[in-house]
Amino acid sequence: MDYGIYQDKLTRIVTDIARSHSLWILAYGTGCGAIEVPATMTSRYDAERLGVRGAATPRQADVLMITGYLTVKTLKRVIRVYEQMQDPKYVIGFGSCAVNGGMYWDSYNTIKQLDLYLPVDVYISGCMPRPEAVLEGFAKLQEQIRAGEARGATKYKDNLDYYRGNQKKIIKNWDFPDYNW
Amino acid sequence: MVGSPVLFVAIPLLAAFIIPLTGMIWKNSVRIIPGLVLAFMFALSISLMGYVSEHGTIVEVIAGWKPPIGINLVFSPFTGFLTMLMTFLGFMVWLYSYKFKRNVDFEPSMKYFILLMLLVTGSVGIVLTGDIFNMFVFIEIVSISGYGLTSFYTRRDSAEAAFKFLFMGAIASTFLLIAIMIIYSQLGTLNIADIAEKMPLMDNKLKVLSLVFFILAIGVEAEIFPLNGWAPDVYTQAPGPIGAAFAGIVVKAAIYASVRLVYTMYDFGGAFDLFIIIGLITFIVAETTALRQDRLKRMLAYSSIGQMGLVMIAFGIGTKEGVYAALFLMFNHAIIKSLLFFSGSYLVFNKKNKYIKHVNGMGKYLPITSVLFTIGSFAIIGLPPFSGFWSKLAVLTAAADSKMVILIAVILIISILEAVYYLRVVNRIYFFDKKEKTETQKPSINALIAMICLGIIVLVIGFYPDLISGYLDRAATDLMDKGNYIKEVLTINK
Amino acid sequence: MEGILMSILGAIATFLLAFVVGMTYGGIRRKVIARVQNRYGPPIYQNFIDAFKLFSKTTAVHHGAMHLLGPAFLMVSAVVALMIIPVLRDNIWFTNLNFKGDLIFLIYIMTFGPLGMALGAGQTGNPNSAIGVTRGLSQMVGFEIPWVMALVALMIKYNTTSVVDLMNVQNEVGQWLIFQNPFAFVAAILASLGMFRYAPFNIVGAPTELASGPASENGGKFLFTMMSAGSVFAFVKLTLLVDVFFGGASNLIELVIKTFLLYMIPVMYGVVNPRYRTEQAVTYFWGWPLLFGFLAIIYSVYF
Amino acid sequence: MNIIILILILFFLGAIITAFSGKISALVQDILFLIVLVVPAVLFFTGVDMNTESIITFSQAQLTFGMTPLSYYFSLIVMGLAVLAGFYTVGQMNGKKRKGYYYLNYILSIGAMFGILMSKDFISFFIFWEIMTWASYLIVIYNGKNVQKIGIKYFVMSAIGAYAMLMAIVLIHSITGSFLITDLISEYTGMTQGMQLLIPALLLIGFGVKAALMPLHIWAPDAYSNAPMSYTAIFSGALSKMGIYGMVIVFLSLLSKVPEGALIRDIVAWLAAITAAISTLWAIKQDDAKRLLAYSSIGQLGYIIIGVAIGTPMSIIAGLFLAFMHGVFKSALFMVVGAVEKQTGTTDLTEVTGLIRKMPWTFLAALISIIALAGIPPLGGFVGKWMLYESLILSDHFMLVILVFFSSTAAFLYCYKILFGFFLGQEEKEWAHVKEAPAIMIVPMVILSISSIVLGTYPQLILKPINAAMMSFGLPDTYGNLWKESILFNKWGNQIALAPIMYGIMLVFVIVTIFLFFRNRSRTRYVTTKDISTSGEIIKEHENLTFSRGFFQPFLRAVEPVMKRQIDKYMLSFAKGVEDLFEFTRRIYNGNGQTYAIYAMIFLIILLMFGKNLLG
């Protein structure tokens, strides 16, 4: 009997639980949504009790939070940050701007749909989403991780050409190094 | 005995008369004969030294008048040593300057060699003579040839320097004559040995007065502190090798004279302290002044004065070790300073003002001259393994043996200044960039030989000081033994 | 053979103990900070989860040999320091290398790791890392002085430089060195504030300013190693303080209580203080702690 | 012929021949240079023992040569470093100008150091001391940069030291009537009290200059950094040890014999401790690696002097051990800087970055030497530091131990700075062309680094000769007392076993390394140092983000009050004042003949006034 499968499975379950309870977020405060993150982290809502805590650099982070609209200029940085994060990594689109451009839907230099460029695991809607909604989003992400569904990073790797195509379409001065994994 | 000390005086004086005559026939003889004379004198001094070391002091009586009445020459280990040194240097200066400034072929250059010869003769005479009036005569010979040599270039500055020298020399001569008069009026004799024997009879006040006059007079030639104002000008304005001649020959003779006075003629204990005080002041003032000079020859001149101050200090210590050290210093200084003047002259050859900055970068263009200058500098600073170290060590040991701790400290502190100004020049020679316009002059072959000879002596003595320490030791013993001197001179039977 | 096996097992046991205790204390600290900030806070075992997560994360990139070795240096230093420290009194399991080293060795070996880590941080090329390192080293110069003064005061009082010997002179509560030489204890505990690098002395890795400083290029296993080494280090420092000032501990419970109480000092000091700038931190240590160090030495020499 | 004389002659003749052999070909010159260094070293290690003695007699002095256990110990440093640095020199000076000049002075100074160590009397000691001084002076000004300032400063300080020593020597001679060192030692206790203090004080000034003891150190940073690095390795590693050698003799055989000596010893120890502390701070401030290491050398020499000055058996062992270790690691570091200088053309820590992948061997040597320098166990530096601390604590020098601890902790700062500055940080395009230094330069460095490791584990290798040297001064046998094989003891019975610790550390290190390094290395990919987390910004090739300017600015702000006052400046202003004073004396000679006549008259009057005193 091959125990390897079970062993792998067990390992995966344990690691997924650990991952779900230890979400280090890199809050990329692109827009007004950044103001909601401190509220989520501090006394009143205290996301840390869920194992959510801020990470200082992309190398340490698990979750990339895009908090608001993304201009083309910022998108380049966000992609860069995302690529510097280590697997497994998750993206939370935060606020309606990240979902569909929100009030900037017809702006000449913001993107309208985040998941054309990055694989988003969880969207949190609202303008702005209240901290409760943010916590809800985290809970959703945890659920996904535990269920083994939060596979954004794999998706990105597998469909790199698609994402790169979209990214290059909008970012004119493309000077990225190769993707690191 | 191969020769007689009288030849030291007779031959050059004779030659001085003959040279102008031969010069009419064969122009180059004016250059060559003085050299031959000097070489002869050197050879004579060596042979006589050999004799003296075996048979003791030679006292030569001239014209059969025995001392104390007649004129006599004393060739003792002490005077013989100085004679040898002076004649050697005289020859070296001749060798060096044989073709020095060959383009200066106008009339005075004829006289240059005669005057040089007379300068050496006079100095040797001062050392050898046994009576004070002859000493006066020889000092005059030295002075007059010195004036002539100083104004050799017939420029305004050299004339001024010569005049200053003349001025001071005149004062010196006056006082010297007065001093001799006092002695003669009191003791009725001019013979040094006789004076020394009779000195206790003399009135103390007159004794002091005469000594003071003597010191004043001889101090001018010996370049002691307040009387040496002429020296830097003369060293600067006279041709380079003459600087060496002054530093190596004339000053040595003058120091000899003052030492003879204090050690043999007079019986004052306090005179030794006077020597130390004068020597120390001279040393300090000269070395500190040298630090602030911007002309090479002036710097060397002050350095030379300073070294003489050190020699006086060493004599002033008054012990046999002190005399030994002083003689060693004199020897080293004569050799090294000549080397420095010789090589330094070429380093600033074509420059009128002879600033120190003109030596910049000469290390590349005049390698041998520069190395020799460097060796000379290191030696005079007293760095081992060059010869200067041993003499400095001797001075310090002598001072230490006499418990003069402060003196040692002062000498050493001032020596640091000496190191500073010499190294500044050496650094310039090797590590500064040459000014575009400065023209270099390669030393002629004879000059090179002279310099290398001196350089080799510096190195050899540095590695093996015993070569001359025997001579020095005998000379020192000779000077210290006053009674023996009197006995030898006065009981001469010949 | 049995001896070797025993000592290897002992070493592993010590390491595990240190790891677990250190991690738990870290969790407690987070909890305490949260409670002080009127938050609920993460569970006490949160640090274990974090560590496990970090360990399970991919580490895809490195910046060169020193970057790889940096965390290793840190770990080595922590483990060696742990081996030297007497964890429990007269306990064969935790003896390890106790008698082979002494206080001075300990002081030095404890700086070995941070320096190695600093090299690793340097090679990443991240300017934040180097800035953090310079701050950390500067701060170290600050706190080492009172720390050493406190230890020297004890050494000269009890004529020994060995931790074990210092433990052996404190057989009763009254003989504890905290009572024997309170100045030394004050100096040491003030110095330990800097050693723990908690607020207000956390300028080294200030997350918002320096992006966590030396650790900024380290994720995944690197960070895991650093984190566990840090936990072990925390345990080492606490145990050392307990050994030196509180007579050590004869069983694990005593050890845990004592170390926990001690641990609360820097934690509590930290939660109510903002962050010092580097020069403020350095001059802080050269102020009162230094004075207490002097007093400790004077007290040891003359009383 | 006696072998010591033979070695000396070999050195001095060889120096001259090597200098002029450059006319034939550069290769011949290099080979001759190495031969002149290696052959005497071989002769020394095979032929010289404690019984060889030879005497050269001059009328003024008797030069006696022979070896003592102490000089054997220091000869190990000198000869070893001379050969290693010699090989390095050949690599480093390859293609440089004035090689003959450099080789001449290099060999001369090595020969002079050997001569110093072999001298049994003060005259030969002084002669070789001065040869060493001017030979090193000529090398210090080799570059031709700032000669008048740096060179003269070095020479003046050396001259102050040497003349102080000379004064002591002539005083000794006047008292004992002999120049022999042993005679001084035997007659020292019978001297007057004034002399008992004056002679060691003067000698200590002499030795203190070379050992860069404050306030005589002001020449050191400039001279060390101005000389070519291959010589600075000797300068700092061996030449400065000559000062230590002299100090050991003064402290152990003179000052320890009289009660007043304790005062001088404490003063020197304090001066050394302050030297160590202040120069460490200055080292932290430097941006030039040469100057940094120069200040660091001064600081390290401070530790050594403390050890020697305190004078307990343990502290002396510590001092001597540190002297050896300092020779080993500091030479290696200077060689590293020299290698970097040769490959990149600069030693500015703010300019050169990220050489670790280009010069891995150099980095390795630097790393190990830095660890040894910082005194971090288990390398050799720690052994010395441990013994130094223990001895200071045991001999009741509590404030000193704090000062030493401070400076050795602060030393971490510059240790990191030099490693980071050259080797770490971002890799720049500017230095992309840099290659590893040639093997002839690498090998000596690596050998020195390996000896740092070996001596940290097996210090008995050099503790034995130290012990022999100390026993020759009448100190008790320290074997089994303070050390035993690789175990160190203190008086209280505490011990530290180096070998097990070394093995322990190695074991843990290997485990962790295997776990982290190799596992991670195989699974991870190298990314350049441009690929760092910078808030998503992509660093361009030409952008240099390395943090190197104002490296320890906050720390320096904290210690600013201490660093405001510099002895250097005081001394320079003093020197300037003195020169201005001399300007005044120069004016005595105003060039006016009438004035000179007046001087003559004044002189006459003065003489007449004091004429009575002439009668004596």
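Some notes on this structure:
Labels for the chains are A, B, C and D, by order of writing; each one numbers its residues from 1.
Quick note on the criterion: a contact is a pair of C-beta atoms (placed from the backbone, for glycine too) under 8 Å apart; a residue touches a chain by one contact, two chains touch by 3 or more.
The shown structure was predicted, so the numbers you read here are calculated from the model rather than taken from an experiment.
Overall, the chain located most centrally, as judged by its C-alpha mean against the mean of all protein C-alpha atoms, is D.
Chain pair with the larger contact count among B-D and A-C is B-D, by C-beta pairs in contact.
The distance from the centre of chain B to the centre of chain D, with each centre set as the mean of the Cα atoms, comes to 44 Å. Chain A and chain B, compared by their mean Cα positions, are separated by 97 Å. Centroid to centroid, with C-alpha atoms defining each point, chain B and chain C lie 79 Å apart. With centres set at the average Cα position, the gap from chain A to chain C is 35 Å.
Residue positions of chain A touching 2 or more other chains: 57-59, 180.
Residue positions of chain C touching 2 or more other chains, listed in rising order: 59-61, 211, 216-217.
By the document's touch criterion, interfaces exist between A-C, A-D, B-D, C-D. The part of chain C that touches chain D in the complex is made up of residues 59-66, 68-69, 71-72, 75-76, 79-80, 83, 97, 99-102, 104-105, 108-109, 111-112, 115, 118-119, 122-127, 130-131, 133-135, 137-138, 140-142, 144-145, 148-149, 152, 155-156, 159-162, 165, 211, 216-217, 221-222, 225, 277-279, 282-283, 286, 293, 297, 301. Residues 28, 57-59, 76-81, 84, 175-177, 180 of chain A are the ones that touch chain D when the two sit in their complex. Here chain D touches chain B in the complex through residues 58-61, 123, 126-128, 130-131, 133-134, 137, 141, 144, 147-148, 151-152, 155-156, 159-160, 163-164, 166-167, 170-171, 173-174, 198, 579, 581-583, 585-586, 588-589, 591, 593, 595-597, 599-600, 602-604, 607-608, 611-616, going by the rule given at the top.
The part of chain C that touches chain A in the complex is made up of residues 30, 34, 37-43, 46, 49-50, 52-53, 56-61, 205, 207-208, 210-212, 215-220, 223. On the chain B side of its complex with chain D, the touching residues are 163-164, 167-168, 171, 175, 204, 208-209, 211-212, 215-216, 219-220, 225-227, 229-230, 232-233, 268-274, 285, 288-289, 291-293, 378, 383-385, 389-390, 393-394, 396-397, 399-401, 403, 405, 408-409, 412-413, 415-417, 419-420, 423-424, 427-428, 430-432, 464-466, 469-470, 473.
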